[in-house]
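Data block below; observations after.
Chain nomenclature is as follows: A, B, C and D, assigned in order of appearance, with residue numbering initiated at 1 for each chain independently.
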Amino acid sequence: MIISAADFKNILLNISDAIEKNVNYLTELDAEIGDGDHGANMEKGFKKIKQQLLASETQDGGEMLIIAGKVLLNEIGGAMGPLYGGGLVKAGVALKGKSSFNKNDILNLFASMLESIKSLGGAKIGDKTMVDTLEPFVTEYGKAIVELELPEAFEKALISAKKGMLSTKDIISRIGRSSRLLERSKGHLDVGATSSYIILESFYKSITLLLN
Amino acid sequence: MIISAADFKNILLNISDAIEKNVNYLTELDAEIGDGDHGANMEKGFKKIKQQLLASETQDGGEMLIIAGKVLLNEIGGAMGPLYGGGLVKAGVALKGKSSFNKNDILNLFASMLESIKSLGGAKIGDKTMVDTLEPFVTEYGKAIVELELPEAFEKALISAKKGMLSTKDIISRIGRSSRLLERSKGHLDVGATSSYIILESFYKSITLLLN
Amino acid sequence: MKKFINDPTVVVDEALEGYVAAYPDSVEVLSDARVLVRKKDPSFAKVGVITGGGSGHKPAFLGYVGEGLCDAAAIGEIFAAPPAVWIYKGIKKINMGKGVICLYGNFSGDIMNFRMAKTLAEMEGIEVDEVIAKDDIASSPKDTMENRRAVAGEVIMWKVGGAAAAEGMNIKQIKDVASRAVFNTRSFGVGSFPCIIPATGKPSFKLEDDEIEIGIGHHGEPGIKKEKLKSADEITGVLLDAILEDLPFKNNDTVSVLINGLGATPFQELYIVNRKVTEILQKYKINKLITYVGEYFTSLEMAGFSITLTKVDDEIARLILAKADSPMFKQFDLNK
Amino acid sequence: MKKFINDPTVVVDEALEGYVAAYPDSVEVLSDARVLVRKKDPSFAKVGVITGGGSGHKPAFLGYVGEGLCDAAAIGEIFAAPPAVWIYKGIKKINMGKGVICLYGNFSGDIMNFRMAKTLAEMEGIEVDEVIAKDDIASSPKDTMENRRAVAGEVIMWKVGGAAAAEGMNIKQIKDVASRAVFNTRSFGVGSFPCIIPATGKPSFKLEDDEIEIGIGHHGEPGIKKEKLKSADEITGVLLDAILEDLPFKNNDTVSVLINGLGATPFQELYIVNRKVTEILQKYKINKLITYVGEYFTSLEMAGFSITLTKVDDEIARLILAKADSPMFKQFDLNK
């Protein structure tokens, strides 16, 4: 499977819609052990990403990612600005110049993003952050594409991502706001892990739609 | 009927108790169209009056009134300090030196008090203040003692006082905090008129107890 | 009621103790009356300035005892005027032979106690005069403006009267200029949540979840009407239009602006209000001398705000811009 | 939610507009980034001081842009760190060739954005360094105090760092003394009512009618434990004992005291707290350099307060007592 630039843009636009649909859920999750703003932050960011992507005529998928990342870096702030924003810019730089994407490019995208997030935020698996969703995804996807096609590999990796996201429920947070709660952070999903999963899941749904 | 100094002191002490019993009622009334502090003010004042009277050995009823008035003037503030306090001091000055009281002395007491309240606060009947209770009382009592004994005259005057107090319910306030409400002050009893009635009523109850 | 207090009956005393403990070099309390006075004497004998009133309005009244402001404040119980004898003792303490001016708000309890205090002081040969703030346009129509109660406009009266005394004006001059400031000051406010009086533990008034009270008083006294909550811009428009009409304020007038939070309203909202106030004043070509935004005269934890405009002439402007230094109101000399 | 706002999504912008409208001679906003900067340049080229963070903490952060304090503040959304690019633009604006020091609080969002901004600025040859406040003892045990979040102690960091820059110290000297102030600062707070974030309209946490949260964070983050409401003296004792033990503060130490209201708690209650703080410090023979009581770092309309103690040496004392002049934090020079 090869994703065209136009389809790639749609994938990104669909992610914006998926975030918007889940704003309240994200807000509630963040309110449990954080400060309750994750939903609003993400909504604000991804609405602007949508606007800017729709206004852009670029056929360069890397540029699309940079546009999206810069929106977050320039306007959103919070933890999400540098983490998602820096991650998207990094992924965009990695894919710069490409107007179609095979399964390896998609690995490159998420691996670059993960690397940026880990190096900036310093989180490791088990710290109760988005890394708990993204790292299992990248690891599993990297293994899976050796034998499987993009959609099947993505599906398999998404299952690992979901497991990772769900695992954050039982973890005592070690990073970010919620880490201040110590034991009291247990029993709640991490909101960043959740929004990362929503992004991956939306990506996957868009792919399956492309297949039909 | 002649009231002795000891009985007079008890009358004053009973008034303190009557005020204490009605603190919540006075607070609620004041909250409706005032600032909700009349109960607390009166309680604070009359508790101290009780203490000071119990600590004093004076047999001079005028002095007792001055003691009570000074407590309010020195410690209570609000509208009640100068109105009730100044009134009690004025009444005390009028009765200075007396250790027993006939019906004329009681007229002198309340008339002096009323005069002080009216001249300081500038209220007239119908302004929705304590004057609406006290002035009908003094007028009626003054008339009644020409033919009746103290208790009977007091009883008759108390009925006028009650009518006066109740009349404040339909009045649009023209003085004090509640006057700012214009029409909205209608439909609520005036709290100062009410505390004045409580004082008179307690006075009357003490007299009837003396008779038995 | 969830308050950080000990015994509700000594809230005012304990808060005063804590205030003096915070600023022991600036202020002290008289030994035999609950009156806060400046600790350092002014550099020359000037007219003494005293204020006072009920508690629960922090930083009023005690926060305005300082250089270029008041020399003393008599501190009543929550929302109740201080006793006459205390005020009298305060007057005696701050009299430097030039007399004392009483600057307070139009509440009958305060009037009666200040007037009795004045009588007591005059009997001892102390010259005493008074100016009474009556800035709240919601509390009485213009034809009976003498009945209006005071709200945050008192702050402007203290600023002007206090600076006038600090300049060395005599009692009559101070009375003149402070009266003129009062006469040219208009306030109008709105409330959205009640305060809770510690002694009773009960809310001072009730409002529905989407209701506000236009023209609320500083003790939770009901205002002109209850209304549905509107946008900040709309509410500001309603309040400011009424204020502008009342004096009236006109093109090319210069005004000081005071946006006062009642206690629980976040500063952020006060600035949103000021944004609209600025816009409207620009529309009418009214100049701003200075803007105060913050909590200058609160009502415990009541939510809401008021807008106060004072039309200034050159003299009032100079006095408003003069230096002031109390623990809670500091202003560098802006006339330089 | 009963707030005096227009559109919840532009609350921060409109409040900032209203702030600048109130103090147009003191501050302005950059044209291409939400960064508030001092309008008047300092009289000589000095190290620039920048802070920033989420909104909803008025007077922080914007109220601390002024003489002897910060030169700029990057303003994030309610409770969210400002974007890196804004901070970077602020740094560029206030750099006078002597470099810029970033003074902010220990929140991961702020750290990541400030660090990215630092990288961007360093790439252009601007010297940038940082000091991060971590004063809240409730947020992590002493052996992991590097993880502690910042609360009102940031104010002391700004006061010290800002005065150091105003004195003409170089970036390393400022970093040293501000770090020492941070290291010697301890805070501990309590919350009794939540705040409501305008964007969501929901309370930031839940408490029973008689419950308080010991160790609450400045964004409503849960603290150490929920407890039944106690007397002001008892709560103050619990908070202050923990603070005194943590550094530890000892006999004959000199400290600055900051009692900070979170927004809705009446000043009166803060003074009742200060009364007890003073008593306890006297018991331990700890000297007070200066006491600040008021709202220095709020959390919208949250109710509650925090106590902050800073152990001072001669240099820190001098810097704390130095002149400061921002629209919301004015202090006459107390070293004279």
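Everything below uses one rule, namely that a contact is a pair of C-beta atoms (placed from the backbone, for glycine too) under 8 Å apart; a residue touches a chain by one contact, two chains touch by 3 or more.
Predicted model, so just to flag it, every value in this text is computed and none were measured.
Without chain D, the rest of the assembly breaks into the touching groups A | B, C. Farthest from chain C, judged by the mean position of CA atoms in each chain, is A. Per-chain CA centroids place chain A at a distance of 55 Å from chain C.
Rounded to whole angstrom, the centroid-to-centroid distance between chain C and chain D, based on C-alpha atoms, equals 29 Å.
Averaged Cα coordinates give chain B a centre that lies 33 Å from the centre of chain C. Chain contacts: chain B has no residue touching two or more partner chains. Counting partner chains per residue, chain C shows two or more touched chains at no residue at all. Interchain contacts link the chains end to end along an open line, per the touch definition above.
Here the chains touching each other pair up as A-D, B-C, C-D. The residues of chain C lying in touch with chain D in their complex are 2-6, 11-12, 14-19, 21-23, 55-56, 58-59, 190, 192-193, 195, 209-210, 212, 229, 231-233, 235, 257, 259, 263-278, 291-295, 298, 300-301, 303, 305, 325, 328, 330-332.
Residue ranges of chain B in contact with chain C, taken from their complex: 27, 31, 33-37, 39-41, 44, 73-83, 86, 120-121, 175-177, 179-181, 184.
Chain D makes touch with chain A in their complex at residues 9, 54, 76-86, 107-109, 112-113, 115-116, 139-140, 147, 149, 197, 199-200, 202, 204, 217, 219-222.
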